[in-house]
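Going by the order they are written in, the chains are A, B and C; count residues from 1 in each one.
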Amino acid sequence: MIEVKKLNVHIGDNHILKDVDLLFPERSITCIVGPSGCGKSTLLRTLNRLIDSTEGVRIDGQVLVDGEDIIDSQSDITELRRRIGLVSQRPCPLPMSIYDNVAYGCRINRMFKKRRELVVHVRQCLRAVGLLDEIKGRMHTPASRLSIGQQQRLCLARSLAVHPDYILADEATSALDPISSKTVEDLFVSLKDRYSIIMVTHTLRQALRIADNVVFMYLGEIIETGPASQVFNNPQKELTQKYLSGAFS
Amino acid sequence: MNVRTLKDRTAKGLMLTMTVVAILTVVAIAVGLYLKSRPVLDSQSLSSLLFGSQWRPLKGQFGFLPFLMGTVWVTLLAIAFALPISLFTAIYITEYARPMVKRFVFPVLDILAALPSVVYGVWGILVVVPWISNHVAPHYVDFSTGYTVLAAGIVLGIMVLPLLVSLFIEVFSSVPAELREASLSLGATRWQTALRVVLRRSLSGILASSVLAVSRAMGETIAVLMVCGCVVGLPHGLLDACYPIPALIANNYGEMLSIPLYESALMFAALILFVVVLIFNLLSRIVLYRIEKQNE
Amino acid sequence: MNNKKNKVSVGKRVKEFIAKLLMWVSMAVVFVFVVSVLWTIFSKGIKAMSWDMVSKLPGGGFYIGKEGGFLNAIVGSLMIVGASTLLGLIVSVPVVFFLNVYLTKGSRLAYVARLAFDVLFGVPSIVYGAFGFTLMIWFGLRTSLLGGIIVITLLIIPIFIRTMDEASRNFPKGILDACLSLGATRWETLKVVVRQIAPGIATATLLSVGRAIGDAASVMFTAGYTDSIPTSLSQPAATLPLAVFFQLSSPIPEVVDRAYAAALVLTAIVLVLSIAGRFITARFSRNKVS
């Protein structure tokens, strides 16, 4: 379970996240929605500390992943990142073959002693995202030759390969055509009984289709949060109502 | 047609001519040097010029092998010395450094790049040569003046450092940030990311940059001339003196008009240098252009 | 499982540490070299430095005379560099303007031209020297101020063009479109473009001057060396780098001192140019590595 307490993030003079308090439930899909520039991506990047590489960033508060504070801890940041997978907006296959892409994380983390085990594992991960049959015989060709939708699923397979507990997705379908978008969306739904998925999304309709929980953010603040049915059907705050009715986006 | 349009057309024509003339300079250099080296090319075969090791200008024997080998030794040593240092420095700057560090490092590299060749030569004579003569050579040979392949390689290595570092920084910066993040989010350390993702994707750029640096090192004259020893002969080790091609040309210009064919031989040396540098430059620039384009 | 994970993690950290250590060592090596070079030049140069050095001509021949300084080289260098910079600017500004305003982005000619200038940039100065020498024989010139100016101009044109071209690429094309849509011809946009890339032109000039003043191999053949200040274009001219190079090998200590002092002057000039260039780039445009 990921718990965010009194999280404030400044980048330079900009106060990006303001007093964020959140709880991401396990084994479900939580969608973070809100107009662009409201801090969704920053929140996501704080959860796996990728934000560290941003210039002039200052983080206050706590982010507890399974009870361990990752902001202020001396714990192994790489181990943390292994446990929290990331699927980014544009698919970004590493400059290597399809097989090596999936095997990359396993090798980095020395997950297998025997090559055979690794091969079996890579095939399993590719099957999990429905790629295995599509790329028959092309396992060792460059990943960049896949279609963009296939690339995104490959990235998901790559994340799954290192056995994460959480998956972060940053507008993971926004660069895809409608059909691949649907495939990836369905994949996330099928994965939710094994992983806790936190998703930033730009389309309300997508959140409506797949979210179990919804977080609505505006100008760096959490406005409303709760089960999807409640937030969508019976929003408590005026701002949320306005947003849902399309008054701004 | 009004005056303004006419002006525009005239200016265009003029500028086009200037651009074409500038491009043609490349051809002009090649042709000029070739015409000048005709006499020596006619006097003996190309292979005996390139692979002969007899250098007796008074007898009309011009074997360039000692000078070619001198250039090869010195250049390779310089690159071998500069490559690891510049790779690590560039990785640090692109993958690790905070802006504060960059603000400090770039001016230092600027200074290194700006210092004239002759200043490096003075430094080589005052620092590197005595160091080799007093501290390095005694372990291996009875006596060395210090004016050696090693001295030239070290001086030249430092001279190509800033070029290599700035080229590498450009190449590494063209690797998209998303790739690094993908690797980091799988649990890789920065070093693993640098090694397996950034370096791996930059291989062609690293190669092209190194070739460019090699061609720069090959043509460097004064600094090398000051510390290489200038002894005609095939170098057999790092502690032998050597005599690279640019040093040969620069050192003998005074007497070249008095000996027949000598001038022609020296121009042939310049032609060799030009052709090799031209080919290396063309290849590496085309690769680097392609990387830059990918980046856009 | 936990135990194994810890092992992996320790391995990772050790490698990371070693890699970082190597990087720090590399940076330290670079830094030490810079300090060593500057320290050597400054400590030797300051001991040898005096007012006479920069204000008097060498007495009794530059190679053996113990008296005087190297004013001949300072003036010679300034003459050559000043004239070449001016000529270089006259040639390169129109070329850069042509490449960026008249030619479209994917133009074949622009590609070939940029490649040609990059190649010319890579041609060693000794080759320029040799080529300049053949040109001079062709025209019946002897080693002279004019020969030096021609060769140095050839040498710095590629530097000028490359640096200014870089600066023009960041130039917002919208401004150009705005001018054209007001009815200006492309030639008339020159004023606007030049104003926009002025910092680029300044940086290019400083870079070129730095390279031109320090280059020895090209002027060796073409400008020659002399004890006096040239009074016409056809007389040979001394230059600072050659003042260092020739006088350093003299057996007479006073002459060697002149070489050290000349090296100091040369280094100081180049340092000032480099710092000024940094300042201009930092002040007026985005921070860029050359």
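Before moving on, here are some points about what is shown:
As a convention for this text, contacts are C-beta pairs under 8 Å (C-beta built on N, C-alpha and C of every residue); 3 or more make two chains touch, one makes a residue touch a chain.
Bear in mind the structure is a predicted one, so any value in this text is a computation, not a measurement.
Set side by side, B-C and A-C show the greater C-beta contact count at B-C.
When every chain is reduced to the mean of its CA atoms, the largest separation from subunit B belongs to A. Per-chain CA centroids place subunit A at a distance of 47 Å from subunit B.
For the pair subunit B and subunit C, the distance between C-alpha centroids works out to 16 Å. Inter-chain centre distance (subunit A to subunit C, centres taken as mean C-alpha positions): 50 Å.
Residue numbers of subunit A whose C-beta contacts span two or more other chains: 78-79, 109.
Residue positions 189, 192 of subunit B are each in touch with at least two other chains.
Shared interface positions of subunit C, defined as residues touching 2 or more other chains, are 12-13.
Only residues 4-5, 7-8, 11-12, 14-16, 18-19, 22-23, 25-26, 28-29, 32-33, 35-36, 84-89, 91-92, 96, 105-123, 125-127, 158, 161, 165-166, 169-170, 189-192, 194-195, 212, 215-216, 218-222, 226, 246, 249-250, 253, 266-267, 270, 273-274, 277-278, 280-282, 285-286, 289 of subunit B touch subunit C when the two sit together in their complex.
Of all residues in subunit C, only 5, 8-9, 11-13 touch subunit A in the complex they form.
Residue ranges on subunit A touching subunit B, taken from their complex, read 48, 50, 53, 55, 78-79, 81-82, 84-86, 88, 90, 92, 94-96, 104-105, 108-109, 155, 158-159, 162, 168. On subunit A, the positions that touch subunit C within their shared complex are 76, 78-79, 109-110. Taken in their complex, subunit B has these residues touching subunit A: 98-99, 176, 178-189, 192, 196-197, 200-201.
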